[in-house]
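In the two complexes below, subunit A is the common chain; its partner is subunit B in one and subunit C in the other.
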Partner chain A sequence: MRTLRTLLIGTVLRAKHLSRSPFEVAMALVIPLVQATLAVYLFRAGDEPHRLLEAAVGAGLMGVWASVLTGSGGAIQHQRFEGTLEIIMLTPRHPVLVILPLTAATAVTGCYALVATLLWGRLVYGIPIDLAHPLAFGAATLACIAGLGMFGLLLASTFVLLRNANALANPLDYPIWLLSGMLVPISVLPAWTAPIAAVLPTTWGARALREATVGGPVWPSIGICLALGTVCLVLGAVLLKSFERRARAAATLALA
Partner chain B sequence: MESDYAIEAEGLRRTYRTRTGWLRPRRETVEAVRGIDLTVRRGELFGLLGPNGAGKTTTIKMLNTLLIPTAGTARIRGFDVVEQTREVRRRIGYVFGGDRGLYDRLSALDNLRYFAELYGVPPRDQRRRIAELLELVGLTGREQERVEGYSRGMRQRLHAPEVLFLDEPSIGVDPVAARELRRTVAGLAAGGTTVVLTTHYMAEADELCDRIAVISGGEIQALGTPAELRSRADGRRVVEVEAYGVPDTAISALRGLPGVRETSVEDRGALQLLTVQSDAHVDVQGDVLRELAGIRLGRVDSREPTLEDAYVAIVGAA
Partner chain C sequence: MRTLRLMGIGGALAYRALFNWTTPAMYTGTLLAGPTFQLLFFAYLGRQLQVADDRFFIVGNAVLAASTACVFGGTMAVANERRYGTLGHVLLSPRSRTVVFWGRVLPYAGNGLLIAAFTLLMGVLLLGLRIPASALPGLALALAAGSLACGFFGLTLGALGLRFRDVWVVSNVSAALLLLLTGVNVPRDGLPDWMITVGQLLPITHAAEAARLLAAGRGLDAAAPALGRELLVGAGYAVLAALLLKVFEAESRRRASLETL
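Let's look at the complex of A and B:
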């Protein structure tokens, strides 16, 4: 109970902190518009206008992932610069309780990107928001937030160890977009990518959202997304503990 | 098992390894702390004094679990700082000077709620403790404002640590707020909290600390009460000269004068303040002025040594 409370308060306050950054707000306004535009023109060019909504959902999910990845990497780097990384790592709780709210908050604010992409698609390009399973779509969105937040924790554990967290975070954007089938169907990718895609929570989150949009068995995908997310959480917790110790040995919690 | 000592450190050493460049990496090793032994009693206010780069912050970070020592051991209330971090962290607080260490886009109330939660303060106690704390730092009524521009030093009071590390807390703080801070620190120590304070300000260390360790070059050069340290400069006399444009050759010449033990120069804008310590029985003032002939001088003064002079003597001898 106490753990849940700590996670919840941490996530709410971190999201509040993120939402007050002029940079984050500007990015949140512009990026979904760009994503929606890309999705629309790609699919129009591909002569598949009936898949526009699917494309918009995929583009929105790309926004969630970008938020988790750059948000977690950026947040940890920023805290390192501000000196707060040392202060929060110094608290007597398991580092997961300190870092998970950080990545969960980026997933929550990233969820806004999904909604905004759909809205821009509706307002600017007239894509009707006609969901096959509206209720399941809500559940899939929540599963995506949870799954991506936990996946973010696994990545964040390495950001705690490495001083140049940004350098690692930024290039991971595109491979995950591609591998998870957020915009391009996994079936068109080379066969060797399939096993990688299968173990990424993002793949199943994207699939659940797509199935809720156009129809399909949403709940198994939600279940797999959450299960893989939990594996990331456990792995992230173990790594975080070990990386925290290594960071103390290598003196990388602070910049100076 | 809790110890009677707040802090016990034996043979603490810390080396930093840096690497620059990718193709032809250049590796450097810096020995920041080279074997520190110290014990601090419960409720003691202990000062760490030393020039920049002396190893003060590294020592504090090894004691508060942020850095793993390269060698040696340290215990806080009997708990090992490397292996029993959670036990140690439950008992300590850490404040560092400057403008960092708080979430400035959140209000004071949100910052305090967040850290109260991370320090495991029971929810039913949080409201009361936060209100007390806001009252203590004079922020009642302003708790909803964002932290940008606030004073600091409140977070660690939330969980009432047994051992509080203050790393140059008064840096960049105006004199009135610094006095307020000293009063708070003295109050904490009087209430039984062990405080380890690093500072550049001699007066602050003199006023507050029960004992002071002077660190230089990663080693403790002197350890004692302020009075004991001051006595290091006993038998000395200090000549202070305000001058303009003193060349290095003149300073070297001063160092070579018979009876001179220590010479330091402090730049104060266009003015340089020369401090020359000598054996008390040797009157060096005449010789000093002779060496400075032809240089524009201001006030010349001869006085008894202070703690600062003792500090300069200790660091200079290191």
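Let's look at the complex of A and C:
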């Protein structure tokens, strides 16, 4: 119960913290709408208007991932800039309980992107929100938040060691969008990318959302997304502890 | 000669001091890998939707690749002076600030050209694009024009940094809008009229059009009007940036808010 309370309060606190940043708020408000607009015009130009809802959902999920990625890279970097990383690492709880809320909060706030792109599509382009499995869509959204948050933790754990975490985070938007099939079906990618896509929680989260939108077996995809997310969580926890020890030993924890 | 020296040496020094992404990790990750992944994403999306052929996306995204370095570089050229507490010193300089800041665009434009050429090369190597050898000089010209126009566009956004505190919002949103409005990834005839009109006033739009004509083997004669329009857009932003810098500098002095963060 104490662990759940730590995670919940940490997530809410971080979400509140993000909501106080004009930069974070403006980016969260505008970028998903630009991406959704781009997706709508591309799918229209491709003469596939029947897939516009799928495109809006895909663009929304792209926004969630962008938020998690920026948040994961920024979580450690931001604590460094603020001089609070050492204090966080000194807490008596396991570091994962302190860092996971930082990445989970970005997934929660990133969900605005999903809601915003669907509403934008409905209000501006008249795309009917006609979901095949509305309940399963809600469950898939929650699974995406959990899965992406845990994946974010794995990324954040590696960022403890790196002074320029943004260098790794900045170019990772498009590869994950591409490999996870958020807008482009995985089947059109080269065959060697399939094993990489298969181990990403984002792939199964995107698949679950797509199946909930257009029809298909949603629950197995949700299960795999959560299972892979848990693997990321365990790996992230182990790496975080190990990298934290190395950073302490090398006295590089607070170096930006 | 003194003015050229001020632009050249001043620009190079400012680039070294103010551009955040000069470390090998940041440069490779943000400026080389990022645009390459963006190109692959849109090329595969285009293939799947059959919106246009690979050349459309590869050449368009190669021209757009310059925008990251130029838009954010231009912003850093002004905003980072304030962040590092040196803006006042620059504005106290007896030399023309217009020349000082215009000079800062040159390294960013050169950098943008390098990144655009690298991205185009990646398109050739990874996706098998074929470009006639005779088109290469013209393509270099188109990429250079796009980078220069984008550099002055970035400086215009940087000038807004003298008035607005959180200029990074402006540059991030502008970079995203370039993706949508310049017709780099969506054929412009599929966009609404107002988006096409706005796109005409943005950098990259005409450079991408010229580069596509050149890559298709149409020759410099066919691409010259679009190239001219791109240079005109760039010149427009150069004048606008100079005006905004002057107006906002005067206002910042009057309100004593020059170095307020």
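Keep this in mind: the second predicted complex is superposed on the first by the 255 of 256 C-alpha atoms of A that agree within 3 Å, B and C clash if a C-alpha of one lies under 4 Å from a C-alpha of the other, contacts with A are read in each partner's own complex, and residues count from 1 in each chain.
To be clear about the criterion, a residue touches a chain if its C-beta (ideal position, glycine included) is under 8 Å from a C-beta of that chain, and two chains touch if they have at least 3 such contacts.
Because the structure is predicted, anything quoted here is derived from the model rather than measured.
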Partner chain in contact with A:G83 - subunit B first, subunit C second, else both or neither: first
Which of subunit B and subunit C A:G10 touches, first, second, both or neither: first
Contacts of A:K241 with subunit B and subunit C, given as first, second, both or neither: neither
Which of subunit B and subunit C A:L168 touches, first, second, both or neither: second
First, second, both or neither for A:V184, with subunit B first and subunit C second: second
On subunit A, positions contacted by subunit B and by subunit C: none
Complex contacts: residues of subunit A adjacent to subunit B: 2, 5-6, 9-10, 13, 16-17, 20-21, 82-84, 86-93, 97-98, 245, 248-249, 251, 253-254
Residues of subunit C defined as touching subunit A within the complex: 23, 25-26, 28-30, 33-34, 37-38, 40-41, 44-51, 166, 168-169, 172-173, 176-177, 179-180, 185-187, 190-191
Subunit B to subunit A touching residues, read off their complex: 16, 64-68, 86, 89-90, 92, 94, 96, 98, 100-103, 105-106, 110, 113-115, 117-120, 123, 146, 155
Complex contact set, residues of subunit A against subunit C: 22-23, 26-27, 30-31, 34-35, 37-38, 41-48, 162, 164, 166-168, 170-171, 173-175, 177-178, 183-185, 188-189
